[in-house]
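Going by the order they are written in, the chains are A, B and C; count residues from 1 in each one.
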Amino acid sequence: MSPSLFLSLLVNGVAMGMVYALLGMGLILLVRAVGILNFAQGDLMMFGAYICACLLLDFELPLYLLIPIAFIWFALLGVIFMFTIYWPLRKATYSQATIIATMGASIILQEVAKIIWGSQPRSMPHLVLNSEGDPAVLQIGSASLQWQYLIIIAVGALIIFLITQLFEKLYVGKMMQAACQDSYAANLLGVPSILTICATYIIVAIVCGICGYLVAPVFMVRSTLGTLQLRAFAGVVIGGFGSIKGAVIGCLLVGIVESFSTMAFSGYKDVTVFLLLIIFLVFRPTGLFKGKIGDKA
Amino acid sequence: MRDNLNTTRRTIIKFGVLLVAVVAFYFLVSTLCTSLYTMMVVDIALIYSLIAYSVSVLLGMGGELSFAGVSFMGGGAFLLANLTTGRLGPTLSPVVSFLLIIPVFIVIAFIIGLILLRLKGTFFTFATIGLVQMTFAIYNNYKPLFGGADGIAGIPTTEIFGTKLMNYNDWFPVLLILAVVVGLIVERIRTTPMGRSLAACRDNETAARVLGVNVYMTKVLAFTIAGVLSAMAGGLYAMLTKFVSADMFTYASSTKYIIMAMLGGVQSTVGAFLGAFIVQVLPQILSAFEGFLQLFWGIAIVLLMVFMPEGLAGIVKSLGRKFRAKNKKKVAAAAAAATEEGVK
Amino acid sequence: MIKISNLHAYYGTIEALKGINMEIRKGQITCLIGSNGAGKSTLLKSISGACNRSGSIMYKDNADISNLSPQKVARLGITHVPEGRHVFPGLTVKENLEVGTINWHGFFGRKPYQKEMEEVFALFPRLKERENQLSWSLSGGEQQMLAIGRALMSHPEVLLLDEPSMGLAPLVIAELFEKIVEINKEWGLTILLVEQNAKLAMKTADYTYVLERGNITVEGPSAEVRSNDMVIKSYLGKFANTK
C-alpha cells in the first residue's frame, strides 16, 4: 500500500472515528444520566443536520448567525426529547422498555424530518471550498486530503476536550455527574436533579447537532443518516462503557478499521467492523477499559 | 385424587376453549378475507407469529433482548431457497428442505449462542445487532449463495401429502395449524424445568446460579430455540412468497418483531400471537393514512412502552386481578353479613 | 426545632404513617425505633420532602415545611442522610464532599469550602486518607462516614440519619456512633436518628419514639423508654437490662 493511500485512509478513518466518538460520548453521558441506551442518538444527529441544512440553504444564514440559532434549536430538541422519552419512563421497571421507546423515538424523528423537509436527500457544501467551488483539498505528497475531514478531526477533538473538562473538572460538571449517578441522594442534598439531567440532554443534543453539521457534506442530509450510530455503539461497547475516554478510543478504532476494510472488501466492511466487535467482546467481555464504577454494564 | 381430576378437567376445558377459538378464528378470517391480498397479509402474520414466539422465549422467559431474529430468519429462508432451486447441487422438495432447517439451525443457533451469551446484558444486545449487520452485509453481497441484490427467485410450489398449495388461501389453514401447534409447544416450555430455570435466570441470575442452575447453558438453549423458530419462519416465508432477497432481513425489521411480542405481552405466548397479528394487520386497516403511518408507528411504540410495557396480556392480567379482588371483597362482605345474621 | 402534627404519609394508596405527632428538640439526639416496615424511613422522607405526605411539619416554629421539595428543605438546613449510604460511586471522596456544598455554594459560585472540608476530615480522618479514592471502592463503614461527612458540608442545623448502622460490623458501628455523639455535642447539630438497633439507639439518644405500623406507641426520655416493659419485650429482649 502506498504511503499516500495509507494516509488518506487513515485521515478518513480518524475523521469518521471522531464522528462516532461524538455520538458515542453523548451515548455515555446519557447512559450515566438515565441508565439506558439511546437508540435515537444517530437520529438526533440527523435532525440536527436537517436543521443546519434548513438554516444554511433555505434561510441562507451566514456562519456567525447559523451557529447560535442552530444551538438554540438543538437545545430545544434536547429538551423535547427528554420530556417526551426520558421523563415518562424514568421509573420504568422494564429496562428494555426504555430502549424500545428510544427506538420509537428514532422512527418519530425520521418521519418528522421527512414530513417537514421531504424525503429527497439534500446536499450540503463542504466547509472549505477551493477557488472553483469544489471541496478544498490539502495535498501532502501524492495524498489528497479533504479539508472537511481535517476540520471534523479538529472540531471533534476540541468538543471532546471541552466536554471532558466540563464533566470531570468543573464544579458544575460534578453536580451533573452526581445527579446522574444517584439522583435520589443528589436531590436530598439540594442538587436540582431535573435541571441537571435536562442540562445533560441539552449538551448531548448540541453535540449531536454539531456532529450532524460536520458530517452532512460528506454523506448528504437524509433521514437515514442516523444509522451511523450503530458504529458509535460498537465503538462505545469496545471502549467498555465506563468512561468517555474509553468510548472515544473505541470509536476511533472502529472508524479506522472501517476505513481500511472499505479498501479491502468494500461491500463487507460492515462484516469486518462487527466481526471485530464480536471477537473483541468474546475475549474481553467488558470492553477495553474498566468502568469507573466497579461492575457497571 | 380430587386435585388430579381438577387439573385434568381444567386442561380439557383449556384445550376445548383453544379448539373453539381456533375454529372460530378460521371461519372469521375466511369470511373477512375476500381477496388474495388480504389472505397474504394474514398468512404473513401467521409466519411472523413464530418470530414473535422466539422473542417471547428469549426476552419474555429469559430476559435477554436480542435482535438476531432477522439473521436466522434470513438464514432459514436462504437455506430453503438454495435447496429447493438446486443452487447447491441437489434439489429437494420444499417440505423436506423445511424439515432440514430445524436440525441445521439447531446446530448453527447453538454455536452462535455459545459465543454471544458469554456477554452480559446490553453487551449481548449489541452483539446481536452486530450479528444482524454482518448477516445483512453477507446476504446482500455474496452472490453465489444469496443472489446479492437480486435475491433468489423461482422457489417451487410446496406440495404436502399430494396437495399443492397454489395460493395464499391454500396456505392459510396450514399456517394456522403450524402457528397454533408451535405456540402450544412454546407455552409448554414455560412449565418445563427448563422454562422455570430460564425464568429464574431472568429474575435473579445470582440466585439461580446458587440454586444450581447453569445460567449460561440455559440461556444458550433459549437462544437456540429462538433461533430455530426464526429460521423456520424464514423458511415458511420463502415457501409462501417463492422469493427471497436480503433486504427483507434488515436491522429495521428486527424492531418490528420485538414490538410484536411486547405489544401482546412479552411473557405470554397468546400475546405474541395477537401482537404479530395486530402489527401486521393494523397498517392495512390504516392504509388511508399512508404518509403518516410510520410516524404513528413510532408514536405508538413510545406510548406502548410508557403505558403498557406488559402488553395486552399484562392488561388482561391486571383486569383479572382487579376482578378477583372485587370478587373477594364481595365474598368477604357476604360472609361477614352471613355471620352477623348467624350471630343474631 | 421540628414540630410534627397529624402527619400522614402515603406510598400510592398505602398509608404508611397514620397521624404522627412528634417533636424534635433543638440540640438533642432524638431517636426513632421500630421494626421493619413500621414507617421509620417514611418519617424521615416526610420531613425531607421525599414522599407524599399531609399534615403539619413546622421548622423552628415559623417555617411550614410540610409541602416543600427536598431541595428546598435541604436549603433550610435540614439534611437527610438516606439509608444505604447512597454515595456517588463514580466520584472521589473529595468530590462527594464537594457535592454536599451545592446548597450554599450555588451552581457557578466561588465561595470557598476548604474550611468545611478540613472540619469533616478532622472528624473522619479515615476519609482524609482516602480523599482521592473513588467512593464505590470504600468499605461500608467508610461510605457511611462519607455520607454523613457529605451531609455536614451543607451547613446543616438538623441531621436526619436513616439506619447508619445497617450492614456494618460492630466495631465500626461503635466508632461511628461515637462520631454521631461528637457531631451533636461539639458541632451542636440537632439529630434525628432512625435505627433498627434499638439498644444502641436508646443509649445514644436523649429522647426516644417507638413507631409501630404507622403509629407512635411509646415516647419519652430514652432512659424511661428503655425500662418500659413492652419495649423490652418487643425490641430489647428479656435479658436486655441485665448484665
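To be clear about the criterion, contacts are C-beta pairs under 8 Å (C-beta built on N, C-alpha and C of every residue); 3 or more make two chains touch, one makes a residue touch a chain.
Values in this document were obtained by computation on a predicted structure and should not be read as measured data.
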Query raised in the report: For the protein chains shown, what form does their contact graph take: line, ring, star, complete or other?
Result: line
Query raised in the report: By CA centroid distance, what chain is farthest from chain B?
Result: C
Query raised in the report: Closest chain to the protein CA centroid?
Result: A
Requested in this report: Go ahead and note the Å separation of the Cα centroids belonging to chain A and chain C.
Outcome: 43
Requested in this report: Go ahead and note the Å separation of the Cα centroids belonging to chain B and chain C.
Outcome: 51
**Report entry** Whole-Å gap separating chain A and chain B, where each centre is the average of the chain's CA atoms
**Finding:** 34
Query raised in the report: Where in chain C do residues touch two or more other chains at once?
Result: none
**Report entry** Touching residues (chain side chain A, partner chain B) in the complex
**Finding:** 37, 84-85, 88-89, 92-94, 96-101, 103-112, 115, 227, 230, 233-234, 237, 241, 267-271, 273-275, 277-278, 281-282, 285-287, 297
Query raised in the report: Where on chain C does chain A make contact in their complex?
Result: 48, 50, 70-71, 74-75, 79-82, 86-91, 95-96, 98-100, 102-103, 105, 107-108, 134, 136-137, 147, 150-151, 154
Report summary line: Interface with chain C, chain A side, in the complex: residues 32, 171-172, 174-175, 177-178, 181-182, 184-192, 292-294
Report summary line: Listed in rising order, the residues of chain B that touch chain A in the complex are 59, 65, 115-116, 118-123, 125-127, 129-131, 133-134, 136-138, 140-141, 251, 255, 258-259, 262, 291-292, 294-295, 297-302, 304-306, 309-310
